[in-house]
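Shared between the two complexes below is chain A, which pairs with chain B and chain C, respectively.
Showing the complex of A and B:
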């Protein structure tokens, strides 16, 4: 809530000051999460240059090799090979492409839809708010598992359906938060001032209120990316994501689960990468939220 | 008054279930791809296709199709599974008990573990142990259950292999089960050898489902307990000389359990949702595992039946939670 005494105009909106930026980097969560995600993005983009082997190249003579530090390892295969002799490290590196693709695309689309509807509901109120809020309530009452079974059954398998399913299920997360935040912002003095100054309503929403919602939005997108990575892994684990010849973390986990008594490292490697990635997105998201959200910071 | 509110909730539940039925019907009828195309053998004549269409009512208008479909569903006719070529209701009834045993066993374990840790955390409050418990709980809370279940596979399966990692019962053990509730039935009939085998098979999936729920219960219950511990009635009891343990268990717990229980109910629906992937990971023959196969095979009649069953389970859980909350909270009961 705003201080009742001070009158804040649009010019007095919280600006990102250098000290605030320093706060952001001082936040250990952001540092850990951000640098890991950055590293992952670089690895995904430059996968062909970084991966030591071709992720699809099979060599049955070199099947089920253990990682480099165990007995029986073969030089050059740092994390060992799967039962078909494919290099685990290279497959992990290429698998980051699908994971990040799904995370970025689905989280951005869900954020886009949810933010537009949330802004409209929170700012215009009235029947727009009633309709949008009711849709969100009904949507969220539907258990995600049921909805994803239905959606994947409708769309068929493939990376497009995975993205569509995540967007269709999770836009409500953004809508709810953005609506509440818009509602809270619209009670503040700078909005009243802008209104008194005769700014058009739409302009107040896009130029004044929206920039103040961006920080919380960034945090939510980061958290959503963590969710999306897990959903993609689950769907490729059960064979409903991309075709099985494309390396994915979920597909590698499925393979590792089957060969658990035979070659346990096939499960450890992708599981560790998946876990760290999700953790990094979560840390980044909650760290950003803590650093940027004025309510939580206080 | 109570009767009216119960009736009210029952009506809401029935309407919600109807809504689920409409959504299922609409979504699966707009599926890209003809359901008949998946049933026919290659080279079927147009007359055969038309006959199949008429048999499944696909030549009628959509609302009429919905009427026909709803009527048959209400009569217990869910159609025939395309991939398994068996009656859908029969398949569902055969698999549902396995999932119910799994879900309820997980709920009980979660309540026991979560409750015990919350009480322990309250007893050691303001000691160095409390932040340790909170920190471990916080980390576990952040782990998605998919990752959790696989981590269990890894640790218990590879490093200390005590429990079987897949299936529901050792296939060489044969006992003529009268019901599909293997765990309960073997216990009731006192076939302990069989019971221990079924129990050993269920341990891993139960842990995978129960521990995430336990962490949630711990957090909510501990918060409620800490709040209750500073209330006047606890202070009074302490002045009377009650031991700390009795203060927590007899005084605080009674008042803290209400809010924790209703949140547990909501979380229980997530647990049931989680059975889908956990059953898959542990090759446990329940309806969740079946749902994934049905989606892979695009077996529409089976998917319809499964979604309706899951929908009904969620609605029943929510109803039970509402009624339980009303029974526990005098204000709601009279309101």
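Showing the complex of A and C:
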């Protein structure tokens, strides 16, 4: 005799859309880049509590000490000292403040200006596009490092000038990419669909197209921060950034270059930090792009 | 006689990209209130061009050289962009061809559906959301709650097409233009989608202009049909008449070219070269 069959099993759970956050950290690049940058931000903010020594305190008796694991090191000076006896580790820690400040502020401002102009050029086309694109072409004909040195020389040295120089030079990166991406997106059917639905043009740009540009924008901002760190280092290397009594990585590299033969760590330490920071920004950028793009994500 | 919802008269257009080649030649067609007209033709016959001309989204390379598109007594071609925008998406809506690309990949389904309702029907965010949920249920989507919160890439092609149909009918338009809405789908899904469009259309009394290259689809869903070749109307009339007693040799050849499930050995006859020659002569192209 047929028994009524009951099928037991786990109740069908509504499939949850995978959490964005978990997705982010599944990306190894984001994990590495993100945690390093986060660590750096914490270090920069709490520099006075973390740095073992005063970065400006000189002690000529303790000049050119090697890092802690080499012969002749003094306890307490983990990465050694420079020729004036200042603690290298503490100077690196304080140097991260300028580096991050410049990176974050200049990349955000450049992104803001470049994105607005790029969106307008890509979406409205015609005269707006022609004017903006020509300006970008002209802009990019200038050698960037030379132009930044020129700009800082005109503005006078200081963090503000460094930021202004980077923004003035690098908004074109954002503008070009955002314009191209807007142009590509505006050919897609969903934009046509929005047009046939009678949405105002500005609304299509901000509500439909812009969200699709955000992933690439985030990646670009992250890459730009890496570039800004390098540019700031270049400008402080040639002595055009902040005043020389504030420790900067570029300044330390310039100083270390002269002493490379008898105190190599003075060059290697800031270079290593600079290198890792830029690498972390780049990794974070490309990882974020993959993790945030809803199309690439699946 | 019922009044026509849409009347296209003498519509001609040329493509500037192809050196001023005509893409529409004096096209005329009508659509009754609540009727479904099929617009059939090969690739390049101009069926999509007509649809785009009605929607006002012709590419810049295609130029209209004459004719009228009369929608409820007003000529769409001579309207200002602003007037056109107020009609599009409230009185005329589109079911796009490719459900893969017609939804915004970066936004959730619920938000996209609610947009049109908020803009065109002045709903508050909350009413629009409730309404969108109801719409998803109307297009027979199970678990509409989940779909509302999903991104397009999390749905199947058939589901996405249902969402697009919901979006088109959401604004309660009088005319829906369906631009080959089933070409990108499996045959089994195709049938459900056709049934759904028919159901939504007849329940609301919406007029539908159905662009397709498939006479089988026309037989299933349309009540009248216009057949185009090279931008010229070749044959037109009620579906039964056209499919059962075609006047034109081209129509006959096309019907013969379709597969016959009842007689697998018949059908799939390519349209004879002689028919094309005659057709080109008639239209006046070399």
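Quick notes on this one:
One rule holds in what follows: the second predicted complex is superposed on the first by the 263 of 298 C-alpha atoms of A that agree within 3 Å, B and C clash if a C-alpha of one lies under 4 Å from a C-alpha of the other, contacts with A are read in each partner's own complex, and residues count from 1 in each chain.
Throughout what follows, a residue touches a chain if its C-beta (ideal position, glycine included) is under 8 Å from a C-beta of that chain, and two chains touch if they have at least 3 such contacts.
For clarity, every value in this text was computed on a predicted model and none was experimentally measured.
Of the two partner chains placed by superposition, A:98 touches none, neither chain B nor chain C. Contacts of A:264 after superposition on the shared chain: chain B is touched, whereas chain C is not. Of the two partner chains placed by the overlay, only chain C lies in contact with A:208; chain B stays clear of it. Taking chain A as the reference, the larger set of touched residues comes from B, when chain B and chain C are compared.
In the overlay built on the shared chain, the residue A:193 is in contact with chain C alone; chain B does not reach it.
Contact with neither chain B nor chain C is seen for A:216 once the two complexes are overlaid on the shared chain. In the superposed model, A:30 lies in contact with neither chain B nor chain C.
In the superposed pair of complexes, A:238 makes contact with chain B only, with no contact to chain C. The residues of chain A shared by its contacts with chain B and with chain C come to none at all.
Looking at the complex, you find that chain A touches chain B at residues 141-146, 149-157, 230, 233-234, 237-240, 253, 257, 260-261, 264, 267-268, 271, 274-275, 278-279, 282.
Those residues of chain A lying in contact with chain C across their complex are 14-15, 17, 188-190, 192-200, 203, 207-208, 211-212, 214-215, 294-295, 297-298. Residue ranges of chain B in contact with chain A, taken from their complex: 16, 20, 23-24, 27-28, 30-33, 142-144, 146-147, 150-151, 153-154, 157-158, 165, 269-270, 273-274, 276-277, 280-281, 291-292, 294-296, 298, 300, 303, 306-307, 310-311, 314. Chain C makes touch with chain A in their complex at residues 55, 57, 84-90, 92-94, 96-98, 101-107, 115-116, 119-120, 143, 145-146, 149-154, 164, 167, 171.
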